[in-house]
Structures are given as structure tokens and as C-alpha cells.
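Input: structures, listed below.
Look for chain A in each of the two complexes below; its partner is chain B in the first and chain C in the second.
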Partner chain A sequence: MNTVRVPSPLRDYTGGAARISASGTTVAEILANIDRDHRGMRFRMIDEQDRVRPHIRIFINQREVLSLDEAVAPRDEIHLICALSGG
Partner chain B sequence: MALSANERERYSRHLLLPEIGEAGQEKLKAARVLVVGAGGLGSPASLYLAAAGIGTLGIVDHDRVDLSNLQRQLLFDTASVGAGKAVTARARLQALNNEINVVAHAVELRATNALELLGGYDCIVDGSDRLDTRYLVNDACVLLRRPLVSAAIHRFEGQAMTYIPGQGPCYRCLFPESSSAVAPNCAEAGVLGVLPGMLGALQATEAIKVLLGIGAPLVGRLMTFDALAMEWREFRFKRRTDCVVCGTAPSIKTLTDSEATCRTEITGKWPRFKPAELQQLLQSSGGAPAKTPLLVDVREQHEYATGHLAGSVNIPLGELGQRLPELPTDSAVVFICRSGRRSRTACELAARGGVRSVSDLEGGLIAWAAAIDPSIKVA
Partner chain C sequence: MANTLWIGTRKGAFALRPDARRRSWKIAGPQFLGHIIHHVVQDPREPRRLAMAAKTGHLGPTVYISDDRGRKWREALAPPAFRKVSEGEKPRAVERVFWLTPGHASEPGVWYAGTAPAGLFRSADHGDHWEPVAGFNDHPMQPKWAAGLRTPDGELLHSIRVDPRDARHLYLAISIGGVFESTDRGADWAPLNEGVAADFMPDPTVAFGHDPHCLIQHPLQPDRLYQQNHCGSYRLDRPARRWIRIGERMPKNIGDVGFPIVAHPRDADTVWVLPMDGSSVWPRTALGGKPAVYVSRNAGKSWQRQDKGLPRAQAWFTVLRQAMCADSAARLGLYFGTTQGEVWASSDEGDSWRCIARHLPEIYSVTHAH
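Moving on, here comes the complex of A and B:
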């Protein structure tokens, strides 16, 4: 199981949880499993062409994810980052 | 730009720092910094920059002080409510430090004035409350080759980064595109009042570092802060060669206002029903198909499942573009969402797609629950 950090704009999908657990060996698998438990959440991050939406960034630990096929190790932490607008 | 005796005393704690000293303080005195937005972020940022002795400090904000601002916008006090922000901020900052020159720009930052306005400054601090403005400021900084210290907040979270021309990625390299429809601002989502204090102080720190050329600014580094967990985190990101403004073949060579910015001028284009008006419309139509508007709930499925208006159908906003053929072109459509924001975007999408009669519920289901049916659950 990997820990996934959820930004506050997406916490409506996680019942307010800032961190959730999801398993997978790639970023794509983890996102699919997140969506199984939190329906609709993947669509807020990934578009119909399987591209990360431009206001979302995904990091494995501190490293930016450039492809959803990137491998995820068992203890890696996934960080979902969302553009914030408040000032 | 030599320091006076008064200035030497005022900035004596800076002068003791080898990284600043008299030469550094003179640089700050000669510097020109523009703070975009005199809000939650702009307040602490500008207060610290004024105290630090930035010689010319510009404040751009066309808004007026609202009572709800005072929970976090420390430039203002109760007596400021109703007054123009830029002018009030200038008075406060000038009172804090009469050695500097504070310039109030009580204008809305737009594509037509951004280059001229930002071009008059050495460093830009962005504390605006709209994503559209963030992109405008970023693009102007790239085109003008000005450093930008950007920060944003949401509820208990904040994020910050610094752009220095030629040294690293810009804001669009991080988030290539967005719209305010997907990133609610403080007025919609709420914010811990102290939070912008943390991020605004960080912005002032970064601006001073950039002006003095000291330390390691947040170039290519996204700093995030979670006040609930009390965690700062750092994420590294690179310049995108395909960035539309700072990439190798940029498509943005001049500034244009985003569609969303333009849209704010035409929000009155489509009618909005207050809850009581919509209720009356639904009752008067008596269920006759020709008279009954189609209620389209554009929230996500899970929000719809929690509670919705009887008779409404669910088409999440993200799917609306593809599912426009499901909407009638010959009868009225009323879009509904949580607070009335996504439904505005839906109106525009549908109108562009050929739906003739579009409207939405003002204030969304929150307003409906408050005025008509408290039993309805709003996710």
C-alpha cells in the first residue's frame, strides 16, 4: 500500500481525508485504485485522453511524474498537487 | 543610494547581517517592488517589504475593503471598510515607513495595462485571488524578464514558487493552464486567517533574497505548506521546453485577457434564478413537458448522489462538452451546482454549443437548501 497525499480541493472525494492509501506498481494503477474507492476523483485529475490535467501535478516523493506509466515502489509516497488560486 | 542617519538606525538589524549590510540595504532602497493584490498574501508581504526598506513599493488592487477581509488582511482595520484597498494600503505602509515611496495603483490588472505597470518594477510579488490574474502576471513577467514571487492559498494549504528569468521554470511550467472554475478562491472555499501570513512572509523573504542575490530562492522548487499537519514540503520541477510562454517556441508573445477574465464582464448574459424564482417557475409549469425546464446538475456524481433537486439530471461539468447533444435545443435548461460557480461555466459551454435558452440557479444548491428546502443534503 502506498500513501497518497490529497490536496484540499480534492478532499470532497475522500471525506475530508488528507491522506489515503492505494496500491499499485505504477502511477496509473494507483490512480485507478483511488477511483475505485473514491469515485470521480480520477476524472478531476486525468482527462479523457489519459493526460494529467494542466492544473494538477503528481509527484512520487519529491520527484515530478512525467508519465502515468512511471513505476511506484511499495513505500513511495504519492503527492497530488492542485493549482490554488486564493490570495 | 546612500543611507541617511535615520535609515541606518531603522535598518540597523539588517546592517548587522553580513548578507545584507550597508551595501545590501542601499540595494533595497534603490529597488522597486510591485505587490499584486492587497489581500491576505499582499498584506504581510507588503508590510514586511515596507519595513525592510524597499525604496519604491507599488500596490495594485482595484477592490474595496470588505468586513470579511479583516480576518486576514492586516493592512486594513475596521475603519477601512468600504475604502479603496490600494489607497488605504499606501497610507498604512507609508505610516509604517516614511522613508520609502509607496505607490497605489487602484486599477484592475488586465492585458492592456500589465506590461506597462509591471515594467516599472524590478520584482513582482503575486498575491492575487484569481488564477486568471496569476497567469497574466506570470506571462507579463516572462515577457518583461522580471522575477516573480508567486504564492496561493486554500483553506489550510499554501504553495509558493519563484521565477527568475533564465534561471528556471515559470508558473506555467508548473501548471500549464487552469481556470478559476476548478480552483476556488478564499471567498468560496474559506481560508484560515493566519495562513496567508505564513505564505506572504515567505514571499517578502524571497523578494528580498532575489533583489540582493543571496541565498537559494525557490527557483524550480514548489514549496507547499499544510497548516493542519504543520508540514512544509518541497517539490522539484523543471522548465518545460514546450511551455507556451517560456519554452523554446513560445506561442504567447503578447498578453491577452483569459476567457474567464472576459467572462466576468458578461456574467449578466444569461439569466440567473434565485431559489424562490426557480421554485415558482417549476410550480407554474405544472410538469407540462413543453413548459418545464430541464434541470441539469453539473456537480460530480458523488455530490449528486448525496442530494439533488427532484427531476434534475446529472451531467458533471467535465463531461458537459461531450454530452451537449443530450440537452434540448428548443426548451429551457437550468444548470445547478453547489454554489453557482460551475453552473455559470456550464451556461457558457451550453450557449456556445447551441443550446438556446440557458440559465442557472444563483447560489446553487446551498442557496436552495437555505431558502427552500433545508432537508436537501449538499455535499
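Moving on, here comes the complex of A and C:
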């Protein structure tokens, strides 16, 4: 199981939880499993062409994810970042 | 909880409910505070059901559904989304769900959605699951009809109209793209823009590429269409195909540019517009800072100004295409919401107006629910 840190705009999907657990060997698998447990959350972050939406960033530990196919190790922490801007 | 005005704003949804005489209004909400709410629409076939087009500034678009007149909402299980493209195809992703239309009375559970970029989507289960309408989204002409000439909020597919006589007969509008018609439930489409000006185009007589701001179909006389366009106000009586510019009868110092157009639900000849400033750089505010509604009671042959109760000066708001509506009372009520967060109401068919809510976020839509 990996720990996933959830930004406040997505916590409606997690019952308010800022950290959730999800398993997977790639970012794509992690996101699929998040969506299984928190239906609809993936589409708010990833569009229908499997692209990360413009204001979303995903990090594995301290490293930004450039592809959803990137591997995730068992103890890696996933950070979902929502880049708030505007007014 | 009968008779509700649903207000969609840049920062959430609100509900306004009147007393029996529509003299005092109580506001409820916000719901979904901070969410961008483009449209809240009641299902006339099952009035307890509502659908709401939503996103936030930073998350992807979605649709919320209520089965209890808006007390509780649940998210669509599969929101509108384009099909996954094959290699070499141009990828498209829904940026916002902009428009919602309940389907035909004979098709309970069917809804249509219009998006930016221009896409048409259909649900057959009250909005829980949405599928792309391939007949439009993958039409060979679609890349030309919706060429990506974006308005500030994107390339918007809106004003989806279902002929009350025939579930197969649909209209839609694209800003920028024009009006299109289908007679086979969306399997094929054709432009319907003859007679409409496209002053901004190199060839102003083009078949498509127009900028309809709002298209309406009269519920009791479905062959009667009106549209408020970037280039004027028009009427079309089918089966004719050539639009008539009814805005030419407006006062020359007012013009016929605006966003919304609203018809009297029981009189196809009565229609209201809310002119805005389309000069020079297109401020799109009330002309001269003096907002006014104009009504025609003869299908656009003549117009009368209705501004009693509206600000007399220094009022620079804009009323967007979904932000004006009518109710169905015997003495028809009219309503509009402004980009400055005010809701204005008339309970005498536009003869006089009063502000019934203020200090709301920028208003995107005002819809009436029974």
C-alpha cells in the first residue's frame, strides 16, 4: 500500500481525508485504484485522453510525474497537487 | 418547494423562492460553494429531478444530479467525455460542461449536454452516465463547424433544443460555429444559418462559422425559432431555412446585440431581449450604463423598451446567455441575473423590475423550476 496525499479540493471524494492508501506498481494503477475507492476522483485530475489536467501535478515523493506509466515502489508516497490560482 | 429560481454562479449555486404573490423572495445556498456552475436545469418530465453542470477552476468538469428538487446532489458516475482518440488523431477533452437539456417527453431519463470545446453528449439514465454523440462529435465536418474559434470561456456548444413533436429532431448552436439541425436523433447534422450575418468573417454569407449566443424553440409552436446572435436578433419559421433579422426593428441607438432571448411560453409572438454594447471593443455591458429589456409582441416587427425599476444610470452589468428566463405564471414572471451578482425580477411581463437578490457571485445562469 502506498500513502497518497490529497489536496483540499479533492477531499470531498475522500470523506475529508488528507491521506488515503492505494496500491499499484505504476501511477496509472494507483489512480485506477483511487477511483475504485473514491468514484469520480480520477476524472477531476486526469482527462479522457489520460492527460493530467492543467492545474494538477502528481509527485512520487519529491519527483514530479511526467508519465502515468512511471513505476511506483511499495513505500513511495504519492502527492496529488492542485495548483490554485486566480480569484 | 414549488417555483424556484436556480442561480448558477462562478462560485456556487443558489436558489430563490418566492411567496405566493412573488413579492418577497428567500435565498437558499450556496450549494457547491466555490464551484463554477454553468447551468441548473429541472427535468419537466420528472420535476423532482435536476441536473447541474459544474467544475472548479482547477478540477475537471462534471455533472451533479438531484432526485429531490435540489436538497441532495450526487455526481454523475461517467461525466461527459470525448472518446479516447487513436494514434494520430487530435485529442479532445471536455474543459467544461456548459449546457444541459432534458430529452423528449417520450424518452424519460434522456438528457443532452453541450460542452467546451464543442461537444454533444447524451445520457439515457437521468445523467448518471454520459456518452458522446458520435453523429456530431465525429461528423466529418465537425472540425470545420467547430473550428476552435474560442469565445473567452471556450468554444461553447449550447442551446440544445429537442422538438416536442419528434424526439429525432434536434437543434444546437455553437459559439463560434453556428446553428445546426438533426432529424435523426443526432446521427447526422446540417448547418442552418442562411440569412444570419457573420460580419466578422471574410465572407459574411458563409454557411457556418456564425456566432449564435442563444437559440430558442417555442414549446407550443415548435416551428418558431428565435436566436440572439453576435450579429443581431433573428426569427425563423420552419420549414423555411432563411432567418429574418428581427433586430433591425430595434432603435438604431440600441442595436440588436445581446446574449439571452426569452419567449413567452404561451405566445410565440412575444419575445424579450436584453441589448448590450457591441461597439468598438465590445464592452458587452448595458448600453450607456442604462440597462433595459426590450419586448416584441408581434414576432419582432416592433419593439418596446421596458426599464421601469431598472437603474437609470451607471449600471454596467452584463447578462449572459443562460441568465434570463420566464416562469409560467398567468401573469408571466421574467428574471435575469447579472455578472455583478444581482437578480432582477418582473411579475408583470417586463413592465416593471425590482432587484430580488444582490451581492452574489458573477451569475452564469438563471433557470425556473416548478
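As a convention for this text, the second predicted complex is superposed on the first by the 84 of 87 C-alpha atoms of A that agree within 3 Å, B and C clash if a C-alpha of one lies under 4 Å from a C-alpha of the other, contacts with A are read in each partner's own complex, and residues count from 1 in each chain.
Just so it is clear, contacts are C-beta pairs under 8 Å (C-beta built on N, C-alpha and C of every residue); 3 or more make two chains touch, one makes a residue touch a chain.
All figures in this text were calculated on a predicted structure; none of them were measured in a lab.
Chemist: Looking at A:P9, would you say it contacts chain B, chain C, both, or neither? Reply first, second, both or neither.
Modeler: both
Chemist: So, does A:R51 touch the first partner chain B, the second partner chain C, both, or neither?
Modeler: Touch status of A:R51: second partner only.
Chemist: Would you check which partner chain A:R39 touches, where first means chain B only, second means chain C only, and both and neither mean what they say?
Modeler: In the superposition, A:R39 contacts both chain B and chain C.
Chemist: Return first, second, both or neither, reflecting whether A:F59 touches chain B, chain C, both chains, or no partner chain.
Modeler: Only chain B is touched by A:F59; chain C is not.
Chemist: Looking only at contacts as defined up top, I'd like to know whether chain B or chain C touches more of chain A.
Modeler: B
Chemist: May I ask you to decide whether A:C82 touches chain B, chain C, both, or neither, giving the answer as first, second, both or neither?
Modeler: In the superposed model, A:C82 contacts both chain B and chain C.
Chemist: Do chain B and chain C land on any of the same chain A residues, and which?
Modeler: 9, 39-40, 43-44, 48, 53, 55-56, 82-86
Chemist: If we count contacts the way the header does, which residues on chain B are in touch with chain A in the complex?
Modeler: Result: residues 37, 39-42, 126-131, 134, 151-159, 174-180, 182-186, 189, 191, 196, 222, 224, 226, 228-229, 233-238, 300-303, 316, 318, 322, 379 of chain B touch chain A.
Chemist: Which residues of chain A touch chain B in the complex?
Modeler: Its residues touching chain B are 7-9, 12-13, 18, 39-40, 43-44, 48, 53-57, 59, 62-64, 79, 81-87.
Chemist: List the residues on chain A that touch chain C in their complex, please.
Modeler: The touching residues are 9-10, 39-40, 43-51, 53, 55-56, 82-86.
Chemist: Can you check the complex and tell me which residues of chain C touch chain A?
Modeler: Going by the criterion above, the answer is residues 56-60, 62, 75-77, 79, 81-85, 91-94.
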